[in-house]
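Okay, so subunit A shows up in both of these, paired with subunit B first and subunit C after.
Here is the complex of A and B:
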């Protein structure tokens, strides 16, 4: 465990040193992370204003709260592994990783957390600034704030495992882009990214409850906004734990099969 | 078996590749019916390497050298046959195994592009769990042997190809591997840099008793480093033994270079005249008759100087492939 800590620490230093080399791209990347939820925020606020100050169970200022919290939650749980994996396999960089006596997921986790540690404070500043502009309503009870911490950690872990597993499709196909596209559309609609899930028809909400996407993004957002009862919070954390187990099992199975394919066809 | 550092028996790797004709129609057909063919990259080779040996692994492009190295380092699963490295089965990729080997490929990128090599080295220290004291000692030694002082703190993207290669090699050896696979370690480097890397490999082998299996297109590498060579072609083993024996076995000729007092002599009756400039003549003669012809030359002609040589190793290798590859 101690050695793994050392590995994470070194990876943090490496990621940090690499990131500060590209300050401009860092800023552009952050702008894109701010812009998308901001657009939805403005659209929904406008819809809500023209509809008499609310849509469904969301007032204009609650929409502002929803999307500002979403912006941060999405940032915390976001991964870019699906873009990287194809490149690694194609360029033979995977061979380097396979020669190391450590599972490659560790350096990816460490890399992800490291860059979040650098960018998250800036995102919080941006979110607070936008808060002054849009006057959001965010009123979670203390218990909800406390349980949002494990919910966020679990959301990150579930999303990371699932996306790392999905990224491995690069072992089988060179057309990973199509798979990613389908995945992103599903996430957009079924995680609560484009709109709060309670605004969708009942059957969509049921589907979203069965699938993992809501548990990666929408659930911690609703928890942080104080929109869930304690029972709903427990049930949500339970669903996250189930998806964590499912994700871990998938990750193990796909990794084994992927490495077998990789080492059969030539690395 | 476990006394060998490397032991392989009947090792075989068959790739299944899909193929199709060019054109839209063929592309469409391949949607429904995919034609595949087998490529025997490595076709039943066996050899042993003792601990501490440096062995040159030779063969033309596509002979199966890299495939073999990848099987030995656990990146590729053999189709059939056995491989054992330090008593481990490479394809299981056990951590204890991976900690004791390294594979350096000419095009391999171990180093992070945007940061100095030293930072990447530190990361490898953590990955391989090298105790800090050992890491310091090894880093000092590698810095010294490869002349890295100036390079350690520059971003990798600012290094030249040769400088980067030296750092790549250092990164791959920080954990003091007992078995080192080198795939074209000097490719694309200038002569001085090639020589430096060569002497480094010899030094590493001597200091740490490491086993080295090396492929190279540069015969100078092989001649300087390897007493023993293994030659493969079309996935099959052609020769395994001393470099000098390879020359003996595959060359039926020797070269005699004579310098005469008068410029225009006719030497065609002594052997095949390969080249001739002014008073220097180069003759190719059957090996068995070398002594006899030399004697005749000395007796018949006013000779200033005479030299008997084996043909250059490149030529020998070329001949090996020409003979066996047809």
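Here is the complex of A and C:
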């Protein structure tokens, strides 16, 4: 346990050092993380203004709130592991990771968290700045704010486990680009990134409820906006726990099979 | 004429090289189709709640999506790969080989790499554009077609010059490949009419990263909402930027020290 703590601490230091070196790539990530929700914010605001001030159950200013909170929730839960993994496997760098006495997922978790310790404050500043421009309405009750914390932690864990598992497809094929793209499209539509899920037809909402994507992004956003009842919040956290278990099981199974199939150059 | 011949030769070399990886064709086809379907579904969701977006009707926005794919394909086909290669070769010194050749170096670096599978995006974009035009029906006349062609060409010249200027920054700063990625994520904003965005974003997308000129402006030309001022402005800007990029390239080249110098 103590060893693991040391590992995380060391990884924090390494990530900090490398992020100070590569400031430009930080800015790039931030631009794409800000721009996408911002574009949809503007599109939906325009639709709402032409439709007399609201679309479905969202007013213009509630759309602003939705997409600004989404911007932050998406940033908190996102991972870049799918790009990283492919590179590691292709370049044979995984051999080094496999020699280490701890599971490689630990250093990835530490790397992810430590980089967000730096980028999240910047994202909050950007979101607040945009808030002055778009006048969002965000009115969560206190209980919703409190339960948003475990919901966010669970959302992060579910997304991390699923994307880490999916990233392992690089063990089997070198063409992970197409797989990743399908995944991103599913996330775009079924997690609430393109529009709040309540604006979709009923059957899409049902599909989104069964699949994990909503529980990684859309659910904490709606919770933070105060749009859910306590029952819905409990049910959502339950769904997150179920997906956490499923994700963990998948991760274990795929990892065992993947490591067996991995062969580095020279092996 | 000689330039065209060179262009053809380079294109042929790239095609021959890529023929060894034919499966890439299907991968790119698949990815482009997914991207297109995503864009269309996005439009479907938005237009299920409204029939006009900032004054644009669904078919006009569809035409814009067509232009977006068409131009995105063009940029991905020649501009982006060539500029990526240029930045790389300034850093590792292989630009020496290009400079030693008895042709204009700017021309050579601009056509040396072609991502031929991006032709798929151009074809898809053209298909979407045609569909949108058929559905728009009688609104597209000779003037629209002509101004569209002119605006498309002006837009491509603007984007090319813009990229060359950015890529030439590598003569001074060496590590600028990140700029390529910024462009990619900002380009997505061009899928919607620029007029939707608030003033500061419109300004940035017109003058800082001139995406408006390759997506919205040609689409405006097609849908008959282009003013003569915008048309003249775009043509002048294309000329000015092209001259400027040539100047920056020349000054930059003097900074280049090569591998052995």
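Brief remarks on what is shown
Just so it is clear, the second predicted complex is superposed on the first by the 262 of 267 C-alpha atoms of A that agree within 3 Å, B and C clash if a C-alpha of one lies under 4 Å from a C-alpha of the other, contacts with A are read in each partner's own complex, and residues count from 1 in each chain.
To be clear about the criterion, contacts are C-beta pairs under 8 Å (C-beta built on N, C-alpha and C of every residue); 3 or more make two chains touch, one makes a residue touch a chain.
Just so we're clear, the structure is a prediction, and the values are computed from it rather than from any experiment.
Using the contact criterion defined above for the overlaid structures, shared-chain residue A:13 touches subunit B, although it does not reach subunit C.
In the superposition on chain A, A:142 contacts neither subunit B nor subunit C. Once chain A of one complex is fitted onto chain A of the other, the partner contacts of A:200 are limited to subunit C, with no touch recorded for subunit B.
In the superposition on chain A, contact of A:56 is made with subunit C only, not with subunit B. In the superposition on chain A, A:100 contacts subunit B only, with no contact to subunit C. By the touch criterion defined above, A:181 reaches subunit C but does not reach subunit B. In the superposition on chain A, A:32 makes contact with subunit C only, not with subunit B. If you check the complex, the residues on subunit C that touch subunit A are 23, 27, 30-31, 34-35, 37-38, 41-42, 45-46, 49-50, 52-54, 175, 178, 181-182, 185-186, 188-189, 192, 196-198, 201. Listed in rising order, the residues of subunit B touching subunit A in the complex are 15-16, 67, 70, 73-77, 91, 93, 95-96, 98-99, 101-103, 105, 107-110, 112, 114-115, 119-120, 122-123, 125-129, 155. Contact residues on subunit A toward subunit B in their complex (touch as defined above): 3, 6-7, 9-11, 13-14, 17-18, 21-22, 92-93, 95-96, 98-102, 107, 260, 263-267. Against subunit C, the residues of subunit A that register as touching in their complex are 24-25, 27-28, 31-32, 35-36, 39, 42-44, 46-47, 50-51, 55-56, 133, 175, 177-178, 181-182, 185, 188-189, 194-195, 199-200.
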